[in-house]
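Sharing a structure, written as structure tokens. Questions coming.
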Amino acid sequence: MTVAPDARKQWHHLTRAPIDVGALTAQVADVEAGAICTFLGTARRHSEGKEVNLLRYEAYPEMADRVIAEIVAAAQARFAGAKVAVMHRLGDCPLGEASVAVVVAAPHRGEAFAACREVIDTLKTKAPIWKQEEFRDGTAWVGDPGSFQPRRDA
Amino acid sequence: MTVAPDARKQWHHLTRAPIDVGALTAQVADVEAGAICTFLGTARRHSEGKEVNLLRYEAYPEMADRVIAEIVAAAQARFAGAKVAVMHRLGDCPLGEASVAVVVAAPHRGEAFAACREVIDTLKTKAPIWKQEEFRDGTAWVGDPGSFQPRRDA
Amino acid sequence: MNLRVLLFAGIAERAGTREWPLLDLEAPLTVGALVQRLERDHPFLRSVPYVVARNQAVVRADEVLSDGDEVALLPPLSGG
Amino acid sequence: MNLRVLLFAGIAERAGTREWPLLDLEAPLTVGALVQRLERDHPFLRSVPYVVARNQAVVRADEVLSDGDEVALLPPLSGG
């Protein structure tokens, strides 16, 4: 039996299963926190006017897991009292399901919103993760214009 | 049997039970939304240095339900494509549990964060709801300095 | 003219009730005049901050009340 | 000197593989020199935007590579 590289390791911030937001919230919830801000990125049916069937995510998992851990640590250092949990989905992500979740618990809502926004913005620009859109007529990697592959059986 | 006034009516945005964030999220989730931002206000153990045992919320329910509905409608009008769900808990709210939840689904994360923040900020200043803190030695209504009541059996 | 005055939170606690029914008031009566009357009959109100709602909307002192109005005294809000 | 070059997303798709093992390279070799060599051997790379990571951190072109380094070509990121 062949084991895919991803399956051999346990990542802290990457999962091939649907994201369990309740479990992430439980990780950060705290009776000293008065505010919890959660961001979910969800798979949309439309991308620049084109209809999407499915999203698929790929990562450089060793680096992505490390980069996300650094982003979490930086946010917790910058926003005193904030606790941050992040999970990114890999593989197929059906429409409407979450591709990424950021949950921040903090003493007050100002820090909770600001830390949550900072984490998702930084993750998008720094974590080595790629999104492929599957259309009726083929697939393309977002942000990589020449990557469209027509569907073989179309 | 006496029925308390609250129990006779069904409110859209008020509940005496623990808030079901999953159900609120399902209300706004949409395959055209790429972003969901959730805010939970949670009961903190400490309030201005004093240890709290329990929070208790009271509302003018007819007006609070209407004011929250107006806040939701205003946010949905201002942020195109945003769908907003809000629930506020009444009665006892144990430490760590959510007293209020705001869930916003929107096409992009900018509107989701902005609408969520606007709704909770406006709710706090406009909805006729009151928080009572129960301490070891008595109770007090937040923002009402003369309202401290020593515990009778203390 | 009859009115209901609803009381909440710290005001209800101090008043020892959640409602003051006011019967046979002389019309016309403004919100400001009602407040003066309430503060005369219940002096504790003078030391409590509150705003007045009429039929579930915050009102100005110069609005004129109508028979059957639901008036509410709202101490400082602290929901959320 | 041996290196592994990891490929992802649209680059892996164009290359038809997820890894190029590079064996018996002459040291010293900078990141920039490696990129030149890869773009000579795999001309499609010249028309694809990417950045280079070395041992899981983005690097500058003038860094010198070491034996056993894990190099990765990262096309435009689109997580989230």
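Letters A, B, C and D name the chains as they come in the text, with residue numbers starting at 1 for each one.
Just so we're on the same page, a contact is a pair of C-beta atoms (placed from the backbone, for glycine too) under 8 Å apart; a residue touches a chain by one contact, two chains touch by 3 or more.
No experiment lies behind these values; they were computed from the predicted model shown.
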| item | value |
| --- | --- |
| Centroid-based (C-alpha) most distant chain relative to chain A | C |
| Distance between the centres, which are taken as Cα means, of chain C and chain B, whole angstrom | 25 |
| Distance between the centres, which are taken as Cα means, of chain C and chain A, whole angstrom | 51 |
| Separation of chain A from chain B, taking each centre as the mean of its C-alpha atoms, in whole Å | 28 |
| Junction residues of chain B, two or more chains touched | 41, 120 |
| Per-residue overlap in chain C, given as positions that touch at least 2 other chains | none |
| Interchain contacts (touch definition) - all pairs | A-B, A-D, B-C |
| Chain A residues within the chain B interface of the complex | 22, 29-46, 95-96, 98, 105, 107, 109, 112-113, 116-117, 120 |
| Chain C residues touching chain B - in the complex, by the definition given at the top | 6, 8-10, 13-14, 47-49, 53, 56-57, 72, 74-80 |
| Parts of chain A lying in touch with chain D, wherever the complex brings them together | 41, 57-60, 62-64, 66, 88, 99-100, 120, 123-132, 141-144, 146-147, 149 |
